[in-house]
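Read from first to last, the chains carry the letters A, B, C and D; within each, the first residue is number 1.
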Amino acid sequence: MYAPTGVRTSTDFPIPDTMKAWVLGDPGELLLRDKPVPVPKKAEVLVRIDAVAICATDLEIIYHGPPALILGGMPHNKNFTPGHEYMGTVVALGPGVDDYWLNYGDVDKGHRANGFTTDGGFCEYQVNNINTLVAIPDAMSDEEATLVVTAGTAMYGLTELGGLVAGESVVVTGPGPIGLLGVAVAKALGAHPVILTGTRDNRLQIGRELGADHVINVRQDDAVAAVRRLNGSKGVDYVLECSGAPNAVNEAVRMVNRGGKVCLAAFPHEETPVDIAEIVRNNIYVYGIRGEGKSATHRAEAFMTQKRFDATKIHTHTFPLDDLPTAIRYAKDRVEDAIKVVVKARGVSAAHKVAAE
Amino acid sequence: MYAPTGVRTSTDFPIPDTMKAWVLGDPGELLLRDKPVPVPKKAEVLVRIDAVAICATDLEIIYHGPPALILGGMPHNKNFTPGHEYMGTVVALGPGVDDYWLNYGDVDKGHRANGFTTDGGFCEYQVNNINTLVAIPDAMSDEEATLVVTAGTAMYGLTELGGLVAGESVVVTGPGPIGLLGVAVAKALGAHPVILTGTRDNRLQIGRELGADHVINVRQDDAVAAVRRLNGSKGVDYVLECSGAPNAVNEAVRMVNRGGKVCLAAFPHEETPVDIAEIVRNNIYVYGIRGEGKSATHRAEAFMTQKRFDATKIHTHTFPLDDLPTAIRYAKDRVEDAIKVVVKARGVSAAHKVAAE
Amino acid sequence: MYAPTGVRTSTDFPIPDTMKAWVLGDPGELLLRDKPVPVPKKAEVLVRIDAVAICATDLEIIYHGPPALILGGMPHNKNFTPGHEYMGTVVALGPGVDDYWLNYGDVDKGHRANGFTTDGGFCEYQVNNINTLVAIPDAMSDEEATLVVTAGTAMYGLTELGGLVAGESVVVTGPGPIGLLGVAVAKALGAHPVILTGTRDNRLQIGRELGADHVINVRQDDAVAAVRRLNGSKGVDYVLECSGAPNAVNEAVRMVNRGGKVCLAAFPHEETPVDIAEIVRNNIYVYGIRGEGKSATHRAEAFMTQKRFDATKIHTHTFPLDDLPTAIRYAKDRVEDAIKVVVKARGVSAAHKVAAE
Amino acid sequence: MYAPTGVRTSTDFPIPDTMKAWVLGDPGELLLRDKPVPVPKKAEVLVRIDAVAICATDLEIIYHGPPALILGGMPHNKNFTPGHEYMGTVVALGPGVDDYWLNYGDVDKGHRANGFTTDGGFCEYQVNNINTLVAIPDAMSDEEATLVVTAGTAMYGLTELGGLVAGESVVVTGPGPIGLLGVAVAKALGAHPVILTGTRDNRLQIGRELGADHVINVRQDDAVAAVRRLNGSKGVDYVLECSGAPNAVNEAVRMVNRGGKVCLAAFPHEETPVDIAEIVRNNIYVYGIRGEGKSATHRAEAFMTQKRFDATKIHTHTFPLDDLPTAIRYAKDRVEDAIKVVVKARGVSAAHKVAAE
């Protein structure tokens, strides 16, 4: 019976002592294990995980481990539970947390930890500091709630560096999850025009539905030329680069106008040639984004709550938590052109809903 | 007799109708010509040019013309007078300008025009909008006053993006004029440590005199390893890249810590391979700087007036305006290891001193 | 026949040499006079004025003159033409202006000049620097286009100081033109909740239609208590003060949470007691806004073009330019509860539409 | 014997189990008691307190308790240990803290807690999260180290809102500790001129020694008129208000130029009349500062380490910790014109020196 000292639980949500949790085995291998349900400390709560979305970063961690690509130096951790885009129900409160008042701060949280350096969400329960959770209104579905982090990343990229985007022109390169929600967020912020580039017509079509004024299939058109033609021969104000293509940075630099900004939310795995002179001559800022700040996830959630865009358009598949390996395969191999794959635990959250930031 | 309608002149400064002006001939060729003394319009003043420093950009314009490297598309202009780092004496006031109140605004001027798209300072007189001039105290020498733009560029690079530099660690790569004054400005702003990299020991020595806590001769040491060793195995907060070396961006990206900033004030002439993944993973901002803003020149001038550093340490040679071609040759070929070469007109300014921004 | 040297006109828009212009007589008196049609200089265009809205500042200038309340020291100018919220058709181009390329800059323009220190829009033609104009799409009505400045002021107030408003709570005090459009802009930016306070139910109702989640009639409710009750006993993030009531600042300071921001867009005519200690203890920022910056008018226009809100809900009356004194009376005395009163010239703009910023 | 589980101690610094600590009795009463030495948790360290400065806020807490003036609603706490400007030696490390790597973050810490809501420094030992400590170089004296918070507050006030102060004009009103170090910091940042106002000539003289270009004794001169005369009839860019005088805000608003900024670091105890219209008409920002951010304490410490100014000029008296009541009396009643009073414990720190932020 789960009853740690100093933790307040409710009879509405009986909590077991142990839970099912997926853990890393060898690279690419996930094993279902029992783990103790973790205990919230001061300023923390216990979240019953109701849904988790799979992110490209999860795939990196599962297949390559943190060291190679993400965190620079950590060993592959055989007992680690990945998964960071989770949501669920607050079922227990650590010492000092008032259930009527989850006092969400406005702190720059830097790099997210759960699912990266500490256990994440591919399991039944997880603890979070209350500053790393976003409150979700009851009316938002669990699946949609798993997408607030993705929308928050796009929001952060577009508004970092003082971006006040209304009336500005934005190109999003690459119609993956961040790119597609980048289109939606840019549009919600009042950007015009919003141009999406990609190689798959069905994804470009989803981009249109999320608000893209123009789409460019780069298999048929030269992206830089097409952008300049569509924007009245001027460069655009922002490029949100989400493709990771080897030529993407150079093309982005040529798409923006003098003083333009290029936000990198993806990257190629090899060094790629870049025209540094163009960056200097045109006063261009190129910034990599990881982590999150300036309440971007909260701002994205506010837009979603207000139904400014329908983030669920990028949600293509759902599997039960027990089938995580299948879900991972769909996400990794883009089976049936999967975009965002969600795994659902048994529970459906109905109140005290939160999403991990 | 110079007496345009609406322009106020003073008997203290008799102004001729025509002046000597150097103009572009064929690429690399400068010709001395007569031009009419220009007439200040509304919000403009006439500056008698007393000293001009030669900048790498001037050399580009003289040898390659604006189109190739600087301004993207302008034809080589055969009658154009280059030179933008000039200072002198205000000798006439256009309509609406009050001589007791040069109302310097706090406007972001974007790209400087005189010497780039409009005639510059390799001549005897030039007009400037009052918003493009910085007042210089009487006690500052003419030669030092020509250096405020160079110091202002370094200041802009270091303080753009909200940089509050006191106590932060800074690497300056490349001991050219901007790099050396970058060291001085970083130190004046309270940075610590300030590390300078380069290949010439005599220039690194000047860097030490301007405040570098450490210098690294990259012919003898691996720059990235040396920086990390000097800064307690941590990356630094800022890199001000002034070398234009092909490997400079990649090295800078590896010198900074997570969230670090790389300011590009120089560039290689070819595309160079860049590790984009490192930029994204470490949340690094890379920003090209041209033009100027946030009153950076004025702030640099304030530091120089307060004698926080001795900018004249980078001033190595002076020639009379008539010998501009010799001065150009010294600057271009680094004859006698010239760093900053200044040409002096006959006049010495004693009051109403200004420098072009 | 209007044909100034260096100015390009079109046969589509015949321009007379003289025009009708309202000018200041004694305080409160407006006289219709003939003035020469002004001539655009470099970087300027001639705008045929098609519609002008009346602003509270215009009333101050007309009844009290600039010195007393607005510009601190200028004499009442008997030949001056007020009016700064005008829009119209670009009918002639000054030297250097390309008709296909009105190169709108992103310059912080500081205090607007036309209608304040230089002649304004209560006449048939006016010149503007192209940087002081916002392009208006053909489909927007002339009346609506006169409102972009008012919406821009609200936008500026809400986004100055780095305000990223989505998901933040906003109170607007005072349902005048800026207050009502402040509600609309806050809502478009994603604020939640948006609370409007005022004394007139019909105006509060317009506020509801423009997006207010809650309204408070301060004749019936204590505003501070009601705000705290509506926002779950927390203070709000922003107050946009548009009432000018003597107790408004103190109440605003008590409505915001720690670190909250109070933007003052109106002011009482007398000194009023303020609880400075509350400002310091709670880290509150109080900022007066005049002028405009950060492209706020352009951003507001983008929202209006995208039909995020219907600004015309605050437009209550239209009079012909010849009836300006009647229009002024309606605006000043709030005849028939006038909110925004517009005067229309004969023309209706159909292309090359612009609004003065 | 102090040996809590998971905490690493060193044989160099034997730690007792209990310590002497001053605690609040009735308002104005301090009692010396035994308390257990606190235990550092994760990310915390134990600091042996070597010196503490007394701040006006400490006096408020001791004489009036937190509720009335500082924290809005907390009861007077009879067992509470005040004191927040302390420094000392790191003598034990909580779990997860690496002694060679105190990983100081760059986090905005908001309101400081120790000495406000949690026990402070008028005792022998205290725990701190490592993010709330600033490393102090061995060469800085303990007394000087207690002043970094005061200098940090001045730094924060001057650089909040994007202040890049070099060459800007600053008035500091009130030569108390923050005001005097405000003069020093403004000067170190390159402000010019820096003008100090006050009523006591000896304090104004200290201001001169810390860098004030001009001082104004407001008993002899009209402060607003004197400022405008000294700054060439222009208003200044910043006022740092440290006097708390009833007319201070109104005077500050009249001292700054259009767009000027008034930072409030003190406040009168009564509501005072303010000319709101002047704030709005001149686009003035008035901001209260509490707490700290943007690494301001670290930046101030960097300036002090670099000997940009001698903060110890404001340190007038030292008493042993046992004589705290005498020290408090000197600070409160300004006995012998006390400015900053420091209490010293027995220890003198020699290494692992830190100051509480």
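Just so we're on the same page, a contact is a pair of C-beta atoms (placed from the backbone, for glycine too) under 8 Å apart; a residue touches a chain by one contact, two chains touch by 3 or more.
This structure is a prediction, so every number in the text was calculated from the model and none was measured.
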Identify the chains adjacent to both subunit B and subunit C in the sense defined at the top. A, D
If over half the contact pairs have to be identical by residue number, which pair among C-D, A-C or A-B is the repeat of B-D? A-C
Chain centre separation (subunit C, subunit D; CA means) in Å: 43
Using the average of all C-alpha atoms in each chain as its centre, how far is it in Å between subunit A and subunit D? 41
Overlap residues in subunit A, where contacts from two or more other chains coincide: 259
Could you list, by residue number, the parts of subunit B that touch subunit D in their complex? 106, 155, 159, 162, 164, 166-167, 188, 190, 192, 259, 294-295, 298-303, 305-306, 308
Which residues of subunit D touch subunit C once you look at their complex with the stated criterion? 69-70, 72, 111, 161, 249-250, 258-259, 264-269, 271-277, 279-291
